[in-house]
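Note that the chains take the letters A, B and C in the order they are written out, and that residue 1 is the start of every chain.
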Amino acid sequence: MIRVRDLNFTYSKTKKKAVHDMNFDIHEGEIFGFLGPNGAGKTTTQRLIIGLLRNYSGNIEVLGKERNQWGKDFYEQIGVAFDFPNLYAKLTAKENLQLIGAYYKNFIGNPDALLDQVGLLADKDVRVENFSKGMKMRLNFIRSIMHNPDLLFFDEPTSGLDPVNSHIIKEIILQQKKNNKTIFLTTHNMTVAEQLCDRVAFIVEGKIVVTGSPKDLMIEHGKRIVKVEFQKNGKLVGQDFDLQSIGSNRAFMDVLKSGNVKTIHSCEASLEDIFIKLTGRNLV
Amino acid sequence: MLQLIHFKNDARQIMRDPIMTMLLFAPLLLLIVFKLLVLLLPPFLNAKFGFDVAPYNPYILSFVLIVNSGMLGIVTGFMMLDERDGKIAELMEITPLGKSGYLVNRLSFTSILSFIYAFTGIYFLNLLELPLFSIALLSLLAAVYTAIMGLLLVTWADDKVKGLTLAKGLNVLVLFAFTDLFSLNWLTCLSWFFPPHWITAMIKSPWHLPGIAAALLVHLGWLSMLIIGYWRRAA
Amino acid sequence: MRLLHAIWADIRFQIKQGFYLVYVIITLMYLVILSFIPQDLLPVVLPVVVFTDPSVLGLFFIGGIILLEKVQGVLMVVVVSPLRTVEYILSKVVSLGILSLLAAFVISFFSSHEAINWLLLLLATILTSGIFTMSGIMINAGCETVNQYMLKTIPYMLLFVLPCFSLIGFPYSWLFTVVPSVAALRLMMGAYQAIPWYEAVSLVVYLAGTNYLFFRLTVRVFENKIVYKD
């Protein structure tokens, strides 16, 4: 779907080199997460692929063609949801969808089903200026998929949303994946990345430092031990056991048999740990 | 509510934003242009068409005063509309300044400027001999008119495009300064309800007390109605 | 098809924002004023009124329209939709041109001046309106606030307006006709006064060419400063 080779980009105004020798592939039907701190170059890379920035060096092959060979037809096949709702405040939810939808050949025509999916059907005739942030984000989100695009770009799709609203959005993203859509997601929300992404890439200062599936990364960067907490002489004590030989570890078996075990944890790293380890800074 | 520090801040903000500085000097520029026109045009019209401008001097002065103070009001209005679109207004409202403080702050600054420009403008253009008392009163009304225009824009427009539409529509108000030239009954009666009519009336007869009373009444009436409207919207 | 949708959306937006209502009021105001102008001055006053207000309304409004689209973020959405920049700009020019045309026609129709060349009025209004709306888009490209836009407009306005005084007539004043606004005003005058056919044709051709050049330039400025911010 997307094949990026030796991508470099410098902003002409500030001379800031935002993207350094970037290489990655995104396959059809996968959710690919771009993770990294603010200002690492996530959005710049996304904008290069979408075509909002030009004058890059290297290759961006997307939907089978070099990005700068594409004309405006490219936008028939992609859907973009920016990180804040871009909507006409004076128009109703349905009018918003129909207005922008009219620019696409593939527009589904009647957006009611989509509105229903995100729980906005009852409010379809309400002006967007009266919407809450969550409602606007949901509307903004379905606006990006209403022309049935093959490739989707989401920038912080759940930022500023409560758990219910972000659950709705995540469900639809997974639904899109089921329909074999390819999804490029940028976020610094590690939970979202862990729940949704097939593969993630960590970006630090314009470079990709690690790529892989969240599960693999978590195991690779974790410790191969089990932490056990148990009651001993009326006190809670903790002990670590090596995973490699755990089946034949006497001490471990004794603890299990004692019936005093309170908690058992394997120690794979969370994406958050990996993030901090790789970027050398805390999440913002 | 009117504290020196707010004025200082406002002045600082305006001086640091070159655009705002230039807009504040725009009325001065406009005054100079009018002065040139007043100096150069009448002799030309007289020589070429035998047209005497002098009888229309009160209308010209009225026009300059209204355009100048109206422009300052509209600039303030747009400043507030831009701040609303950019969510800065919300930020101001939750500072100790508060919503009313924000409004007073924004409007009083330009109103005072409007007063100064009107006062000096009347002397500078030197179109008519007016008693100091009228000059002071006219300048005060110019300041009120500036506040009225600013308030009209913020209360009636909810975004900058509506603001532009409104500003366009408000141009029509200038017409009411000339209504007694047209001697159309319905138009004259209509114009009684609008400030510009009374500015012309006051310039034409500075000592006509009912005229002065009506001018004050109409100006302050508009101002208080708009302030009440602003509070209603805020509540 | 996309273009028609865009134009229709723009017109609906303009109606909602009260453009048409405000022009009803302004037109009435002009009609009141015009009814006091002596009949023999109308061939001069009418074109000046139509030229200075309805024809240039695009310059006044377009700044606010694009700024609002920028602030609400919908401009970004339009940029990543299949709508071409060319179509986006045409849609703005055409929708505002329609309002210009309506106001110009109503003012002329209800004035007491009779000898009006409607075809010339149509062409003059459309061509003038286009030039000013597109100038507005170009001036707007680097602006953040309405006040900024209005201030930036002043020098350009002076460039357009001052040469218009050449129509008063002095030796070689016809040379100023190369300034598009002067050509436009001459054509507008022609709609209300007698004008030789060859002069009208050459003015129309010249203004159409200017519109085309402005259009190409506007597309480029818009793409460089608003679409691509690299």
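Note that in this section contacts are C-beta pairs under 8 Å (C-beta built on N, C-alpha and C of every residue); 3 or more make two chains touch, one makes a residue touch a chain.
On a predicted model such as this, the values are computed, not experimentally measured, just so you know.
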| item | value |
| --- | --- |
| Chain whose Cα mean lies nearest the overall Cα mean | C |
| Chain whose average C-alpha position is farthest from chain C's own | A |
| Rounded Å distance, chain A centre to chain B centre (Cα mean) | 54 |
| Distance from the mean Cα position of chain C to that of chain B, given in whole angstrom | 28 |
| Whole-Å separation of chain centres (CA-atom averages), chain A against chain C | 46 |
| Residues of chain C engaged with two or more neighbouring chains | 17 |
| Residue numbers of chain A (touch at least two other chains) | 89-90 |
| Interface hub residues of chain B, defined as touching at least two other chains | 159 |
| Chain C contact footprint on chain A (complex, rising order) | 9, 11-13, 50-55, 72-73, 75-76, 78, 80, 82, 84-90, 99-100, 102-105, 143 |
| Footprint of chain A on chain C - complex, ascending | 2, 5-6, 9, 13, 16-17, 72-74, 76-84, 227-230 |
| Residues on chain B engaged by chain C in the complex (per definition of touch) | 19-20, 22-23, 26, 75, 78-79, 81-82, 85-86, 159-166, 168-169, 171-172, 175, 181-182, 184, 187 |
| Of all residues in chain C, those that touch chain B in their complex | 17-19, 22, 25-26, 29, 32-33, 36, 57, 60-61, 63-65, 67-68, 71, 144-148, 150-151, 154 |
